[in-house]
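Quick one: the structure is below, and I'll ask about it shortly.
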Amino acid sequence: MNPALNSGLNSALNSGMAPVATPWFFYALAGLAVASGLAVITRRNAVHSALALIVTLLSVAGLYLMLYAPFVAGVQIIVYAGGIMVLFLFVIMLVNIERASKERRFNSIWPVGLAAACALMALFVSAFVKGRALFPDRMMTLPESSNTQQIATMLYGEVGPKGQYSIGQYTLAFEIASLLLLVAILGAVIMTKKKI
Amino acid sequence: MSFPANDRTNLELETPDKPYLDSNELIINMGPQHPATHGVLRVILKLDGEKVLGTECVIGYLHRGVEKIAENRTYTMFNPYVDRMDYVAAVSNGLGYCEAVEKLMNVEAPARAKYIRVILTELNRIASHQLWLGTHALDIGAMTPLFYTFRDREEILKIFEKYCGARLTTHAFRIGGCQYETYAGFEKDVKNFLTFVAPKIDEYETLLTTNRIWLERTRNVGVISAADAIALGVTGPVLRASGVQWDLRKAQPYAAYSEFDFEIPIGTNGDTYDRYLVRMVEMRQSLRIIEQAVNGIPEGPIMGKVPKVIKPPVGEIYHSIEAPKGELGYFIVSDGSTQPYRLRVRPPSFVNLQALDIMVRGMLVADVVAVIGTLDIVLGEVDR
Amino acid sequence: MAEEVKTPAPPPPPEGEKKPAAEKPAAAAPAAPAKPAAPAKPAGPVPVPWTSPLVEKYRSQYGSGLDPLTYLGQNYLSVDRSLIPDILRLLRDEEQFDYCVDITAVHYPKREKQFDVVWILYSFPRNERVRVKTQIADGASIPSSVSIWATANWLEREVFDMFGIKFDGHPDLKRILLPDGWNGYPLRKDYGILQQDKEWVQINLGIESGQ
Amino acid sequence: MPDFVMSYLGSTVTPGEAGNQFWALMYVLIIFAGVSTAVICMNWIERKALAHFQVRLGPMRVGPHGLLQPFADALKLMLKEDIIPAEADQFVFWVAPLIGLLAAFTVYTVIPFGPSQAVSDMNIGILFMLGVSSLGVLGIVVAGWASNSHYPLIGALRSSAQMVSYEVAMGLAVVSAILMTSLNASGTGTLSMIGIVQAQQQQGVWFIFKFFPLGFIGFLIFAIAMIAETNRAPFDMAEAESELTAGYHTEYSGLRWSLFMLAEYAAMIAVSSIAVTLWLGGWMRPFPNLLNAPAWDFIFSLFPGLTFLGLTAITFVGVARMPAQSFFKIQRIGLAVFAALLGFIALLLLVIAVAGRSADGRLLARFSEGIDYVYWFVLKVAVFMYLFIWYRATWPRYRFDQLMRVGWKVLLPISLGVLVVTAIVGVLVS
């Protein structure tokens, strides 16, 4: 292919220019993500929360870009910010906001939420402590090019000699994610159907 | 459906204890200032999402008390007022009124006057249908027909202006006949108009009749069955589109209509598309009538033998004509004086508008607009 | 219809003026059933009895509560108020008067029963019109015909709005053309042409007067 | 500094790729100014073209033939009172038009007006475009909600449902075009906007004609979906003026309202650019492979100048046809000046085309080439812009459920079918 079509990483490295990913960008995006993330859970108005969530998602997309993962960033924008959040807003707009904002905010399942938050925190701390050792090196090779074959390779491993895909190492995670979506769909059906 | 009687502007909804994510009905207030309500109609819509659960028309924003005015004016003085009811078809209003008073006085207009009346009334019917088509298409989102119809309607208004000096509220007829003899070149103008407008009607049809979106927007929209239409007293093209072949020009001919050969188009489904087709054919039939009338217009006086002071004998009369919108009736009670004791107008738009509710139930918001357009209401006549 | 062109000589002398004209065709009707010899044509046309199979049938059924007349070729029935629901229903069900053209009223303030309520009916199969009239007193109500013709809904609301005549059994009897809170019924003869509900205008429009 | 400028002019990659932040910034500014100008022109052209469809004249008073009308409009909108309803959600109401505008303009960073005439050549270009342009709907939805009024809310609901539905068909149509980029020796396709055009160049065919009629059907689906995406007639549910008064922007006025309009027109140009890039060969002139002799290159490079020459001629005819009354004197002079301006541009373009060919200087040749690229790209986009106007003048508006039905039951299955058949044919051919 045309050399001009090489990925941003290569050209940036080859041309010897300073990479775009300066610490400033990182701190700005990370700060934005955290701040808007906080806004998501503190705003009483659901639409404000949703808007803040969009900002979070966009700043995370920016972080992906800084990791030279433009494909993931693009998918993040198109799927989450563009698609899912529009549906979110669609639903939220139909809810009676005044009523919702008067709801009691901390209800009886807060201990569960606290436990989940603590578990997540523990995960992050352990990741931070153990550092890179937790992650396989392959991860870094992922976003170098956008071509579909490599993405397939990432998900399903190398293409076998007979044209069959062997099961890659991320398949389990991938399938669990789809299970999550299935649960979400079922939940939506149960919530909207008054009688099943 | 019931709205609180005196508090109809209060659109707040009670939210009883419903589940957290439950949605409730939306009440929106369409009009009186709304681009598609043809004036000052106000429709309160009860919606489930976009689906219409019920409507209520709030009318009267243009009420001027025409019937009260009639009781305080002489018959002659009241004549111009009728033009202000259905201002889109002022000539028809005048014809109905003049004929009603003539009937009450037991006089008849001379043949030439009757022919002039037919020509002008039919021209007016075309103008009214053109205005209807333009605005109806605009409501459905087609901008262009509006300008085409207004361009061609202009030619009719020019003829009116040359005949009586007014374009819209013409006051063209007098009790007993017509005040003005036709101007020189009237017949030529009318004939020119006939050859001018026939291809223009084809042009409107090219834009709409087979247009897929137009078909989708109008077919099976606002369906009203013949039985419902009769029960609701709906008349005019709306009734005919439901399959009832009834037109006062044929059923109980007035003016000179019994002398002309024309057809009454009817529809089969009673939907918006049929009403569109019926009106399109009616325009062409009007052209036929005008052609016959202008070719056969007799010589003679244009004013019948009526006294200077109109003083009908004691009695009462109901006379109705086929206005572009439907049956336009005048019920006049005379006490023998120069002023009507009671004058009741039976407005077609008012009665037709009543059918809006059953026509739009279960349809979408966009259809409400289409149905208001297809009913062809003029608020000046609804509210009087 | 009489095609002869008439110069209407000042008609029935005594009722020549405006106000006392209350005793007009309808009121004059009770006098008419004397059934004088066919259309004598004096100064102006007068109502003559209307004879037809339809009339005969109901005449025999209801007797004097019913007074069928013809004026200028237009037929009408003056009906006693108590017979109204029956007659209207029979006219629709048996005589195919399936289209209620109009419902309206006329106010005669001098009369004891102040209001004429008029139904104008039309039959598609017979291509024929008939008017049904009845007299009611001020404040009296009259059975609604909404169950007979759906179109009566708005027409009766308008009569209520303009004359204050109440229709029993109407599903939603409220003002239609005038605002809900308006006082007075403008088409009554005692309501002046310049008269209006000042209070309503001041409260709702915030102006001194609508004139 | 001049060296810096000159050295870039000769380069063959986009500023983003070269990491040249100065030129990237310049490009951003040029594109922002260019798009704004295009929107202004579009505003005038739409009014005039629509008027002529409808047997009227359109703006005639402000400037000769209403040429200054857009500026008068802009001035009026800027000076108008900016009303925020008392019950509206102030902040969200304020931010909504900006979201739409931002989304519409961000898209332009990856639109390739030429092989190096783009801000950046992202390797996920088309994905980025689709993603960012899909953010535009957020502005509409949020505006509808923040107005705290029923008509805008319904408009917003319609709009969000419509966008989400049509994005699916649109995305699948795009994928079928991207699939075609992989029909080469290496078997790898690309998402880069520039790469897509280059793939068409290598394969020697615009994708609209590839595997006829597969490419054409994909293009048609995209062409339909993009009207829905930009909320234009006959899919202008969200602002259906006869039903929802003005839909999502009912409560907006003045500058904020004009931002919505700016965003709408910018989005129109953006989606047209996607269509041009994916199916119509982007910046390529017609028949680049068939008529590839240098003489043909030269002839085609005269086109920009000739176009302006034609416009000049039309304008001069307009000057000559002006009524002779003294009342029209200023208008006549104005139009003549405008014609002279057009003529000057035409002359300049012709000189550059001729000089660029004969000049041995690399710079001028590159410059002349760049003008060609931009010209052909803009010309193709302009065709779409005209179609947008034409649709608006011709068709009634779809009803909401019909719109959804068309999206899900017609466009989606067809686009899936096209995708599958394209894949099969592609495998069979290669």
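Chains here go by letter, A, B, C and D, matching the order in which they are written, and residues are numbered from 1 within each.
Definition applied: a contact is a pair of C-beta atoms (placed from the backbone, for glycine too) under 8 Å apart; a residue touches a chain by one contact, two chains touch by 3 or more.
Predicted model, so just to flag it, every value in this text is computed and none were measured.
Enquirer: Give me the fewest steps it takes to get from chain C to chain D if each step has to go to a chain it touches.
Expert: Minimum step count, chain C to chain D: 2.
Enquirer: Among all chains, whose Cα centre is located farthest from the one for chain B?
Expert: A
Enquirer: More C-beta contacts across B-D or across A-D?
Expert: Result of the comparison of B-D and A-D: A-D.
Enquirer: Report, in whole Å, the distance between the mean C-alpha point of chain B and the mean C-alpha point of chain D.
Expert: Inter-chain centre distance comes to 45 Å.
Enquirer: Centroid of chain A to centroid of chain C, CA atoms only: how many Å?
Expert: 76
Enquirer: From the C-alpha centre of chain A to that of chain B, how far is it in Å?
Expert: Computed from C-alpha means, the inter-chain centre distance equals 61 Å.
Enquirer: Taking each chain's centre as the mean position of its Cα atoms, how many Å separate chain A from chain D?
Expert: 31
Enquirer: Using the touch definition from the top, which residues of chain A touch two or more other chains?
Expert: Expected reply: 94.
Enquirer: Residues of chain C that contact two or more other chains, please.
Expert: none
Enquirer: Can you list every residue of chain D that touches 2 or more other chains, as numbers and ranges?
Expert: In chain D, the residues touching two or more other chains are 157.
Enquirer: Touching chain C in the complex: which residues of chain B?
Expert: Residues in contact with chain C: 2, 5-6, 8, 59-60, 63, 65, 67-69, 71-72, 103-108, 228, 230-234, 244, 246, 251-252, 304-305, 307, 311-318, 320, 327, 329, 331, 333, 335-337, 339, 341-342, 344, 346, 350-351, 353-354, 383-384.
Enquirer: Using the touch definition from the top, list the residues of chain C that touch chain B in their complex.
Expert: Result: residues 1-8, 10-12, 15-18, 21, 24-25, 28, 43-47, 71-72, 74, 98-102, 104, 106-107, 118, 120, 124, 127, 129, 131, 149-151, 153-155, 158, 162, 172, 174-181, 186-187, 191, 193 of chain C touch chain B.
Enquirer: Which positions of chain B touch chain D when the two form their complex?
Expert: Going through chain B, the ones touching chain D are 11, 26, 28-29, 34-36, 49-50, 137-144, 146-148, 151, 207-208, 211, 213-214, 216-217, 364-369.
Enquirer: Enumerate the contact residues on chain A facing chain D in the complex.
Expert: 1-2, 4-8, 11-12, 15, 17-18, 20, 45, 47-48, 51, 54, 70-71, 73-75, 77-78, 81-83, 85-87, 89-90, 93-94, 145-149
Enquirer: Contact residues on chain D for chain B in the complex?
Expert: Contact set of chain D toward chain B: 50, 53-56, 150-151, 154, 157-158, 233-234, 236, 240-245, 392-402.
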